[in-house]
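Two complexes, one shared chain (subunit A), two partners (subunit B, subunit C).
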Partner chain A sequence: MRPDDALSIAREDLPEWLALLGTRAQMIAPTSGPHGDVFYSPVSSPDEILWEFENSLQPPKRFLLPQTDPLVKIHSDGGRFHLEPVCDDRRQILVNLRSCDLKGLLYLERVHTYDLPDPSYLRRSENRSLVSLACTEPCPPGFCICCDAGPFLRHGFDLQMTMLSDRMFVEVGSDKGRSLLEGAESMFRPATPDEIAKREALEAAARDHFKTETCHFGSAMRRISTGRVAEELWEAMGDWCLECGGCTLICPTCYCFSVKDRRVDEGWVRCRTWDSCQYAAFTLEASGHNPRPGRKDRMKRRFFHKVSAQYYQRDGDVGCVGCGRCIKVCMGTTNMPAVVEAIRKGEWHG
Partner chain B sequence: MPKPAVGMFGLTGCAGDQLTVLNCEDELLGMVELLDIRDFLTASSDRDESCPLDIAFVEGVVASKRDEERLRRIRARCDTLVALGTCAVCGGIPAMDRDFDRDRLIVDLYGPGGRQFDALPVRALHEVVSVNVKITGCPIEKHEFLACIASLLNGDLPILPEYPVCMECRLRENRCLLIHDGLCCLGPITLGGCHARCPSLGVSCVGCRGPARDANLEAAVMVFEQHGLPRDVVWQRLQTFAPVPDGRLPQAWEER
Partner chain C sequence: MADLFSPSVSTILSERDETPDTRTYQLRFRDSQEHERFVFRPGQFLELSVFGVGEAPFCLASSPTRRQFLEVTVRRTGQVTDALHALGPGDEIGVRGPCGNGFDLAAAEGHDLLFIAGGIGLPPLRGLIWNILDERDRFGRVTILYGARTPTDLVYKDELQLWQGRDDIELFVTVDQAEPGWEGNVGMVPILLEMAELRPASTLTYVCGPPIMIKFVIQDLLMRGFAEERVISTLERTMQCGVGKCNHCCIGHLYVCRDGPVFNYRQIREMVE
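So, the complex of A and B:
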């Protein structure tokens, strides 16, 4: 942490700073919904923002990768078709992201940059600023520490905030992050050595929270990448999957999609829509052939993508940020830590 | 190009699907511009009962000899037969008791005089004739019906959901009724397309659209049992709307 990258702001000045940011871009933040559930949604005032909350069940990925993402406008003037790319140039600031979710967005960014850069995604990403709130108290099902996705981040954020008793510790991680401080310089001052020490102590305490690691990706990766997972194991695990698709739809790193055309006014819009590799119809071909016909085939595919060394090399990380959402949503038992454990040990007990 | 000739028919059923079609008020005028509706008794008594049809929509089940004859006649008249609604696709509520002794049911309900009815064990359309398109739902969803017409007009078959209700429920960011509230919500095994209407209102899914493709019924029953719902209650619920296997189902369902 460079000295001029570590700042602090009085907690009572936060609303004024955030209100200022709100005049420059749409602010997305955790808010309280019905039944006390937490949702990331647009806010019009800093008062709506939650500061102490259990992470939302839906990750904030839809602000970068919308459920229905218009890519190209198509219109015809009789004989010829004209294509016009759709750009999302809205500026948004995502505030109070949890470390795991921010890490998830970085993963998606790499996926959409690799090989064939995805202009639609990258354009949107350029217009988003990511401000995270470090987890001083890790959440119960989370295992971010096993994926290097928390509880505190080292890089990747535009700003990372850590709540100290009366001040907010703010780390600047990028030029985009620094620009968020413009016009509010008087509210911030360089962090004192005491504040830096406090922040380090909070991180150490948060890391200690995890005790022993709960998800051993390394050994699972060795087995899955070298084809040492028996077919019978996939079959046994597949029997416990209800194929509801919940795990993929709430996963911060999942991006499987389908493509649909939507009729709009006198033309069409080609849209990318969320889909799930766990559904049989995802790989169903027009001929009726399905290369992944069984539940076991689809499960194997999903975890190969998430955990194998082949994908690790491409994406630079395991396809998991340890948020623990799949543990919460799985009606059966095939969540990430359970499957990683089964792959590692070569046995499954349901 | 001439407009395709269309017929809309109801066998034994509640006519809810035909009403849903008539309730497409904003689209009806556009529809008649594109379709030549020749035989739709629920909408008009002025009809042609014998002309050849390009598309026939049929709702309801085959519950009598008369239904069967009508369905065969419709099949012979049309190029494309669309089963409309859960009854037509998987038997629906009328097929709930189709494995019972029919004579006993008739006598219990109507007395010995009931034997004059020509009631048959209830069948879904595909058990009697070949069906080209299946639009499920109790009643059907307007948008699926309209999308089906649009696809057929373009010489194509509609792309209908094969995923479960959970997909749309998750997309709506709903709270899970099964996990959080322990309700017997049939979402994970029921065919989506309804935009998770009931779970979005806090009401558990009753499976009115029939089973999703490749629904894992064994695992679902295990999960429901963990939530304190006995196996036979779960089977009963599953059978309420979809007692007839529709060919998409895993073997185990047929062997239950």
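So, the complex of A and C:
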């Protein structure tokens, strides 16, 4: 942490600063839904923003990768077609992201930059600023510590905030982050040695907090990468999958999609829509042949993509940020830590 | 930076029925500069779209040496292919590509070349075959083995006759089931391996067709001493994006739309699903 990258602001000044940011870009923040559920959604006033909350079940990935993402507008006049790429140039600031979710967005950015860069994704990402709120009290099912995705981040954020008793500690991680302080300089001052020490202590305490929530990727990775997981084990786990696709929809790093034309008033919009490798039709071929006919085949696919050394080499990380959402959502208990544990031990609890 | 998902509008110049359910289209980009700029290798494919219906991948069936138009041969099998068959000359469609790796022509230089195709497996090889015939001196002997279910199911019937008449190609054709008037070979594609003069040591072999045919032909070739690396095939997977992003076409960490569709048999054998 360089000295001019560590600042602090009085907590009572936060609303004023955020209101100022709200005049420059749409503010996306955790909010409380009608039944008390937490959602990341646009806010019009800093009062709506939650500061102490259990992370939302829906990750904020939809602000970078919308469930239905228009790519090209198509219309025809008299049989001649006109195409117009759609670009999302809206400025958005995502605040109070949890460390795991921010790490998830970095992963998505990498897969869209790798090999052939995807300009429509990158344009959107250029217009997003990512401000995280470090987890001083890690959430119960999370295991971010095993994925290098929390409870605090070392890099990747534009700003990372840590709540101290009466002040907010703010780390600047990028030029984009620094630009968020423009016009509010008077509210911020360099962090004092005492504040830096407090932040370090909070991180150490948060790391200590993890005891039973762990996920040993190493040995599972060795087995998955070399195909040394018994077919019977996949079969046993596959039996517990209900094919709902929930794990992929709520996963901050899942990004499989399909491309579809949607009818709109004057023509069509070609859209990218979320899809799931856990659905049987995902690989169904025109001949009727399906290379992944069984649930076990599709489960194998999901964990190969997330945990194999082949993908780890390509993406520089496992495809899991330890958010724990699949633990909450999977009715069949075939969540990430359970499957990794089963592969490591060679047996399934079911 | 080019947009990954925006197709270019192209016009269907003409269509030709190959079989009752298969048709070849000649296409040209509406913007002729774009047409001139378009470069590809045989074995690469296009994402074609019928606007409002959707997109599907089709291999380029024409040779880069013939630049007036692009050709694709399409078999009716579902939504997009039905909609394509409903279109004709003058109609506009979308073209995105070229996608995929394509055949390595430089690696084929100086070698004897053996093409083995079954049914609708000839289109991906046809572009390569014409490319080679248009630069005939660069290559050794050319042998083509082709089979279909019935004589009606043979594609490019005129061209088969043309090739039959050339003395710088050996062509053998067979059908699983004869029809009245058929005087040629009857039997599955592997019977042609008995008829052709094979030179495993100097030959690169290209095999395309239904998975079951590919399987038997490759087994046969390996038994006859062809090296795995010199047996080349194309893989088909359900695709959506064609640019390595959507994950529909993955086999392990390989993307058929980016790392393929052309692979040698050794690569195919080592793939982990």
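The definition used in the following text is that the second predicted complex is superposed on the first by the 344 of 350 C-alpha atoms of A that agree within 3 Å, B and C clash if a C-alpha of one lies under 4 Å from a C-alpha of the other, contacts with A are read in each partner's own complex, and residues count from 1 in each chain.
Criterion: a residue touches a chain if its C-beta (ideal position, glycine included) is under 8 Å from a C-beta of that chain, and two chains touch if they have at least 3 such contacts.
Bear in mind the structure is a predicted one, so any value in this text is a computation, not a measurement.
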| item | value |
| --- | --- |
| Overlay on subunit A: subunit C relative to subunit B, clash or fit | fit |
| Touched partner set for A:245, first subunit B, second subunit C, both or neither | first |
| Which of subunit B and subunit C A:329 touches, first, second, both or neither | first |
| Which partner, subunit B or subunit C, touches more subunit A residues | C |
| Which superposed partner A:268 touches (first subunit B, second subunit C, both, neither) | second |
| First, second, both or neither for A:164, with subunit B first and subunit C second | neither |
| Partner chain(s) touched by A:67 [first = subunit B, second = subunit C, both, neither] | first |
| Subunit B and subunit C, minimum CA distance [Å, superposed model] | 5 |
| Footprint overlap on subunit A, comparing subunit B with subunit C | 284 |
| Contact footprint of subunit C on subunit A as seen in their complex | 71-72, 74, 76, 79-81, 83, 85, 111-112, 115-120, 122, 227, 255-261, 263, 267-268, 270, 272, 275, 277, 282-287, 289, 291-292, 297, 300-301, 304-305, 308, 310-311, 314 |
| Subunit A residues touching subunit B - in the complex, by the definition given at the top | 34-35, 37, 39, 57-58, 67, 239-246, 249-250, 274, 276, 279-281, 284, 295, 328-329, 331-332 |
| Contacting residues of subunit B [partner subunit A, same complex] | 162-164, 166-167, 170-171, 173, 175-176, 178-179, 187-189, 212-216, 218-220, 222-223 |
| Subunit A contact footprint on subunit C (complex, rising order) | 1-7, 9, 49, 51-55, 77-78, 81, 90-92, 94, 211, 236-238, 240-241, 243-248, 250-253, 258, 272-273 |
